[in-house]
Amino acid sequence: MSKLSPIEYVDAPPKVRAVFDDIKRVRGVPDVNNFWKYLAHDPATLQRTWESVKEVMEDGALSPLMKEMIYVAVSVTNGCGYCIASHSASARKAGMTEAMFGELMAVVGMANETNRLANGYRVPIDAAFDQ
Amino acid sequence: MSKLSPIEYVDAPPKVRAVFDDIKRVRGVPDVNNFWKYLAHDPATLQRTWESVKEVMEDGALSPLMKEMIYVAVSVTNGCGYCIASHSASARKAGMTEAMFGELMAVVGMANETNRLANGYRVPIDAAFDQ
Amino acid sequence: MSKLSPIEYVDAPPKVRAVFDDIKRVRGVPDVNNFWKYLAHDPATLQRTWESVKEVMEDGALSPLMKEMIYVAVSVTNGCGYCIASHSASARKAGMTEAMFGELMAVVGMANETNRLANGYRVPIDAAFDQ
Amino acid sequence: MSKLSPIEYVDAPPKVRAVFDDIKRVRGVPDVNNFWKYLAHDPATLQRTWESVKEVMEDGALSPLMKEMIYVAVSVTNGCGYCIASHSASARKAGMTEAMFGELMAVVGMANETNRLANGYRVPIDAAFDQ
Amino acid sequence: MSKLSPIEYVDAPPKVRAVFDDIKRVRGVPDVNNFWKYLAHDPATLQRTWESVKEVMEDGALSPLMKEMIYVAVSVTNGCGYCIASHSASARKAGMTEAMFGELMAVVGMANETNRLANGYRVPIDAAFDQ
Amino acid sequence: MSKLSPIEYVDAPPKVRAVFDDIKRVRGVPDVNNFWKYLAHDPATLQRTWESVKEVMEDGALSPLMKEMIYVAVSVTNGCGYCIASHSASARKAGMTEAMFGELMAVVGMANETNRLANGYRVPIDAAFDQ
């Protein structure tokens, strides 16, 4: 066996069902997405990850929309196909328009380019940025 | 010679001075930061990069503040020390509070974690995300 | 032609067959996996890579199981789909249980998160770590 | 202000002191390292991160030593200077010998090399790894 | 809607058609590849990216072939499946032989390995490289 | 002890001296650079890495100059400070001019940008690239 299968609610132990129920309640969705059904193979990580995501992604100094777009920026930079698909969907659900998506991609692309220019030219940090 | 030196305004050729002048004008700063002084070794890349950054970072569907925070998110994910220092400063200048910075880091950290969980568990993309 | 095809044993030149034979002998498998069938397009790299992998992955101060789990940790961090699939299988063959896989993923996820928190907060290395 | 300063115990608010005290208690150290003193700027992230690290790194199906070496493998792959320094120290404290460190680096290097060979040769996943 | 569709020439607005026409003219191809048909969702980014790529990839101190191979090296290191496929095709079209591809992959693999060995052993930069 | 020290020739065991001697002979240098002095802590990895680097970097279908520039492209993409410094020096020694360095950085930057645009727009591989 080298590939895992998703764990559906009906087959899940109580501890996993409790997390699935909370995810469905908080997000107002009828079922959880695959990410959680696979993490369910490790109930401790499933619960810890969900509790952390719930705390980190809630409305605060940054809006849920801003947070989802930041999530997309990181996922695109890392090239995580699953995360790009799921968080792009979440960002759109949170209000990201096509114009916002376009600008998000433009900034992510530009940042990845200038990160390498700064690396390659071995640019020392300006004193002003170290104060 | 294996390490470049920054090119200061007084030593810069006209084409480079023109870009430096535009950066200072647009940003309202007395001098450009090291990134531009090193890129000046390649005037074509200096000009193209500045024109692109100027177009990408201007106010639009996303605010300059949001764009600077996305820039920080990418730079932190890539581990570009210069870019983290310079764009954290730009984000603060654009209005990022400590509370916003804290939440930005929390989301960036969480996204980098769940990106790997999705990779490692080989989670297939939900049909709903492919429509 | 932009995509290569795997080179099967029957179609392989003597130098490639010799490497395939050694891989099958050392691993006790009836055939080599795709990675080697593609590397076979460059016999020199096929041989050098196999000799290196054989030397690096053999039992030593670290067990083959520990080494396969480290391989998975790196592959998950880099998001290499092929490597995650092949080395997860090798790790399981070497004795990795589901509980071990779960903890491996938990550590890899946490490390990727705190790596970015350390980057973003620009944490200086403690003197104690530089002695 | 573009660079943060570490928050020392004497200057820390109660919530932060409580986390610092728990870190010192669990690790049996007289003071926490810089990572925690910087995270202290965001008490919620400090507490969540410490609780998660404590849960993830405790002895389980994998030993603390194995977990610290996996942490090093990820940090080296990401090039996080602070994390490489701190977790190499933790791994040595947990029993990593020079021979083990040498083999760890050899596996991490090899995995990073073959990850790219698999990417570049566009190797399809063997059916056996998808079952 | 969470997944975009390619924008074909017949459905494209004038500004997008103008870019598509220039790509087809410069590359002497009957149609543009998917990358451009997706970027077309953001005409400003489509135009800016094409103008930049056209300027950067033209014959200069480095030949188009060398530039395409460097593009492949970066794409393989980042694990961008689309970019590996498209730029490997472009490199072959520009004259990359199988022997050149094999050596390119060998260098990319080796560089990714030694990058991590240098990180892990925390190797300080030689004075000679800082002059 | 958490930080290693370089191993100088006078303090090196015979097996390490033999590798150092070969590096000095092949490169025509009076001493080896720090990378090798740190790898010397693991003679087996030192020897295997040097033998591989020597084989991979020798003149072939690609010139030593082209190979050093590819090495820089990978190191800049990964942000390996030591590797950027050492291989930029090697590339210059092999004949890389400032104009070539500028174009190399421009291509590396552009590739890192478009890699992320391709990821973010979830661009499917054109059929033509899969034949």
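Going in written order, the chains are labelled A, B, C, D, E and F, and every chain counts its residues from 1.
Simple rule for what comes next: contacts are C-beta pairs under 8 Å (C-beta built on N, C-alpha and C of every residue); 3 or more make two chains touch, one makes a residue touch a chain.
No experiment lies behind these values; they were computed from the predicted model shown.
Peer 1: So which chains count as neighbours of both chain A and chain C?
Peer 2: B, D, E, F
Peer 1: Give me the C-alpha superposition rotation for chain B onto chain F, in degrees, nearest 5.
Peer 2: Value: 120 degrees, nearest 5.
Peer 1: So which of A-B, D-E or A-E matches A-C, with over half of the contact pairs the same residue numbers?
Peer 2: It is A-E that reproduces the contact pattern of A-C.
Peer 1: State the chain with the largest centre-to-centre distance from chain C, centres being mean CA positions.
Peer 2: Most distant chain from chain C: B.
Peer 1: Report the chain whose CA-based centre is farthest from the CA-based centre of chain D.
Peer 2: E
Peer 1: Counting C-beta pairs in contact, which chain pair has more, D-F or C-D?
Peer 2: Most C-beta pairs in contact, of the two: C-D.
Peer 1: Between chain B and chain A, is it the same set of residue numbers doing the touching on each side, over half shared, or a different set?
Peer 2: Counting shared over all numbers used gives more than one half: same.
Peer 1: Please work out the Cα centroid separation of chain A and chain F, and write it as a whole number of Å.
Peer 2: Using C-alpha averages as centres, the distance is 33 Å.
Peer 1: Roughly how many whole angstrom separate the Cα centroids of chain A and chain D?
Peer 2: The separation of the two C-alpha centroids amounts to 20 Å.
Peer 1: Give the residues of chain E that touch two or more other chains, as numbers and ranges in rising order.
Peer 2: 1-3, 41, 44-45, 48-49, 52, 56, 77-81, 85, 88-89, 102-106, 108-110, 112-117, 119, 121-122, 128-130
Peer 1: Draw the chains as points, connect those that touch, then say whether the picture is a line, ring, star, complete or other.
Peer 2: complete
Peer 1: Name, in rising order, each residue of chain C that touches chain D in their complex.
Peer 2: My answer: residues 3-4, 33-35, 38-39, 41, 45, 49, 52-53, 56-57, 60-62, 66-67, 69-71, 73-75, 77-78, 80-83, 85-89, 97, 99-100, 102-104, 106-108, 110-115, 117-119, 121-126, 128-130.
Peer 1: Using the touch rule from the top, collect the residues of chain B that touch chain F in their complex.
Peer 2: 1-3, 41-42, 44-45, 48-49, 78-80
Peer 1: Report the residues of chain A in contact with chain E in the complex, numbered from low to high.
Peer 2: Residues 79, 85, 88-89, 92, 98, 102-103, 105-106, 109.
Peer 1: Give the list of chain C residues in touch with chain B in this complex.
Peer 2: 72, 76-77, 79, 81, 84-85, 88, 104-105, 108-110, 112-117, 119-122
Peer 1: Where on chain B does chain E make contact in their complex?
Peer 2: Residues 1-3, 44, 48, 52, 55-56, 128-131 of chain B touch chain E in their complex.
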